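Below, subunit A partners subunit B and then partners subunit C, in two separate complexes.
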Partner chain A sequence: MRIDFSPVLSRLDYLLEGLAVTVLVAVAAIFLSFALGLLLAICRISRTRGLRIFASVYIDVFRNTPFIVQLFFLYYGLPEIGIPTDPMPTGILALSLACAAGNAEIIRAGIETVSKGIVDAGRSFGMSGYQIYRYLILPNALRIAWRPLGNAFVNLVLTTSVLSTITVNDLAGNAANVSAETFKPFEVYLTVLVTYCAVTFTVSGIVNSIYALLFSRVAERPVMRGHA
Partner chain B sequence: MIYQNLEFSIADLYLLWRGLQWTLLVWSVSMALGIGLGFVLSLIRHARIPVLAQMVVVFVETFRNSPLLVQLFLVFYGLPMVTPFAPGPAEAAIFTLSINTAAFTVVNLVAALDAIPRGQWQAASSFGLSYRQTMLYVVLPQAIRTAIPPTMNLAISQLQTTSLVSIIGVTDLTRSGLVLYTRTLKPFIIWPIIGLVYFILAKVLSLLAARVERRLQAKNTWFEAAA
Partner chain C sequence: MIEIDNVDKHYGNLQVLSAVSMQFQDGEVTAILGPSGAGKSTLIRCINCLELISQGDIRVDGMSVLDKHRTAEIQKRTSMVFQHFNLYPHLTALGNITLAPTKVLRQSRAQAEAKAMELLKMVGLENKAKRYPAELSGGEQQRVGICRALAMNPRHLLLDEVTSAIDPEMTAEVLRVIEDLAGQGTTMILVTHEIEFARRVADRVAFMERGSLVAHQDADTFFNRQSDERIARFIDKMKH
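This part shows the complex of A and B:
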């Protein structure tokens, strides 16, 4: 069989629409899963026993079950309890819930590398718990956690493709449609594969830029010296 | 009226059991093949064999940075169109998962190989050891020991990933869940059960991995004490 990319090119606009959906879903889920992950990480090491148990059970369950099972549970389950489900919001929700668990573990590991001395120093300066978190613990913890978080975000972008199984019209979903229309699955999926690579490289690039912008100076601040 | 059997029966347990078997089969075969292939590719990459090493890098980056689902579609639907090779669902699943796993294994193993200090290579060559001998007796035993924990973690996380093979029609655990769901329409019973089976599998594997890691640790401490 001849390899022929022209059918793919003729449906390029449709594939690009899918790409836009993928990017939209990924950006939304990255923000939500980061926020939720941060909350879970703080709960996970909180002094309140209930919060600690809740966070560790949550993390354990979401990390040890397949994403697609979680997705089907939400997508087919929510209407049963009277909540109508649209594919896209459900997809973003499932993705955020699932990735929050991984992010929480990464952020927790980052928080645990912050030395106790910094916290004690903050306390002796009369800083409140919030201030200690905001100005002392989190900048350090997030600097340590940022690169693994970047990997988690790349993973999230790749996982968005699973949403096509609940009929979200993302890049993978539209690719399946184009492939069925044109009978050129090889060319279509190869193009899409390379497109996903381009997206993840972009995400990695953005993650690195943010690191350079926010955290490259953190290490030089005198207050952080005890930690490094 | 369309008759639909909405109740569960004992036969459904058998369906789940078959699904579990497929999941474990696809997982174990593709882990073995993937880690093996990853090992060979790591050696090529580490030896910096011209052209081949660059091809390994391109291969690794492509497969690490694209969704497994698209890779599955490319192999299952795409390959038969351009090659004489037409895999069935299970073959396509095992092939794709192996390649995907190999790409991630290369990252772990190359990092472990690169972590061996240059001094050891120099020391070995001053003892008159060839490249092959240095690799076999000095570098690999240490590198493999460093690479075992991340590789075990990879294998455990790939267990969850195998659930995607249900989309190309492998009757694994997730697929049997879908079959049961479409028949009984009881998502709140089925998906937690399927999730629980995966959960238990992952926990058992993690326990085994932790055990292996403890053994390794003990051996490493002994190693360092002896050195």
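This part shows the complex of A and C:
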């Protein structure tokens, strides 16, 4: 048996279509899971008990169940109660809901590192609760949370491959088809592995660039402490 | 004018302030002295509505801190300078100073920045406007903290042990700024352990111990004709 990449090259268009779907799904889910994670984190530490409980239950449920079961539950389960599903939107939704739980915990940890001192300062000058969150807490919390969030985004990209199980034609799904047609799984999957690597390296690169752009001049060490 | 009227403050069973009554007149510099844990910082945090009082009342220019609708107005009139600076680490010196004026007082950015540069010049930091707090020394950070408080055009400036977290060789630059402000007639309440400094700048001195106000006298009486044995001992001890 000889290594031969020509069958892979002949199906390159089809694999690239899969890559485009993977990138689209990943980008959409990164944005949605970040926004939802931020909301959940704020609910999780809200002074309103109901919001706190809702966020805790949500986060616990999604972090303690397997993603593939969540995905099947949404994709196959919802039509049974009258909600039609479509592979791609359902896949993006499932991925966003699941990753939001992890992101919420990362962002909450970031918020908790923000010193009480700067909140005091904002309050002492008459800033509103919203202004304190928007201009003081979140910029500092996101600086702390940004690198762990980057790791979560990389994980999210890799998890998009699970969506092929509900017939999303992403890179992994199309790879399986090409592999079955060409009987060249070694070449096909090697190519696909390298491609996933390229995608996640790109995501890491973007995450790091954003960090450098927004946060690099601000010291890593905390400068402020709370009042004595 | 700030009126403290029979104020109690406790955290659970811990009594931090008990039956404190006094007045701070406009244009006066009052130093609040006393041993650690006397409730000095808590008192000025209550004036600034950062802490709620448990009993009694505090009125700032006639507005009660108990009236929730007046909290924002009281906070606009009373600006705090913090022991640990509490600068916003993600903003430059200029950003620290202009944030509240643009968001709370709704000044234009240009107006707020012009005022900020004027203040930075006053404290000798005009060339550090674009630096972040982590790039400044403690003394520089605290001078930015003072500018940030002054940018709100407060009627009353509250200073909470502003030099106690700074290296000794840096305190002079901060004290000089405060002394200049005192000379300009800014109303100030300063909690401090720097007794010599209090003697130089204060018009009046309040002495607190274990949550109570022990004495509230003009500075000359307090330092030079002290009749209370205990206070005299405290002054003597702090000098060395």
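The rule is short, and it goes like this: the second predicted complex is superposed on the first by the 216 of 228 C-alpha atoms of A that agree within 3 Å, B and C clash if a C-alpha of one lies under 4 Å from a C-alpha of the other, contacts with A are read in each partner's own complex, and residues count from 1 in each chain.
Everything below uses one rule, namely that contacts are C-beta pairs under 8 Å (C-beta built on N, C-alpha and C of every residue); 3 or more make two chains touch, one makes a residue touch a chain.
What you are looking at is a predicted structure, and each value in this text was computed from that prediction instead of being measured.
Once chain A of one complex is fitted onto chain A of the other, the partner contacts of A:N140 are limited to subunit C, with no touch recorded for subunit B. When the two complexes are overlaid on their common chain A, residue A:A212 makes contact with neither subunit B nor subunit C. Judged by the touch definition given at the top, the superposed model places A:N64 against subunit B, while subunit C stays out of reach.
In the superposed model, A:L12 lies in contact with neither subunit B nor subunit C. One of subunit B and subunit C touches more residues of subunit A, and that partner is B. Of the two partner chains placed by superposition, only subunit C is touched by A:A121; subunit B is not. Residue contacts after overlaying the shared chain place A:Q131 against subunit C, while subunit B stays out of touching range.
Using the contact criterion defined above for the overlaid structures, shared-chain residue A:E80 touches subunit B, although it does not reach subunit C. For subunit A in complex with subunit C, the touching residues are 115, 117-118, 120-128, 131, 135-136, 139-140, 143, 215, 217-219, 221-228.
Of all residues in subunit B, only 61-62, 65-71, 73-74, 77-79, 81-82, 160-164, 166-167, 174, 177-178, 181, 187-188, 191-192, 194-196, 198-199, 202-203 touch subunit A in the complex they form.
Residues 1, 3, 61, 64-70, 72-73, 76-77, 80, 154, 158-162, 164-165, 172, 175-176, 179, 183-190, 192-194, 196-197, 200-201 of subunit A are the ones that touch subunit B when the two sit in their complex. Against subunit A, in their complex, subunit C makes its touches with residues 41, 45, 48-50, 71-73, 75-76, 78-80, 82-90, 99-100, 103-104, 132-135, 141, 148-149, 152, 160-161.
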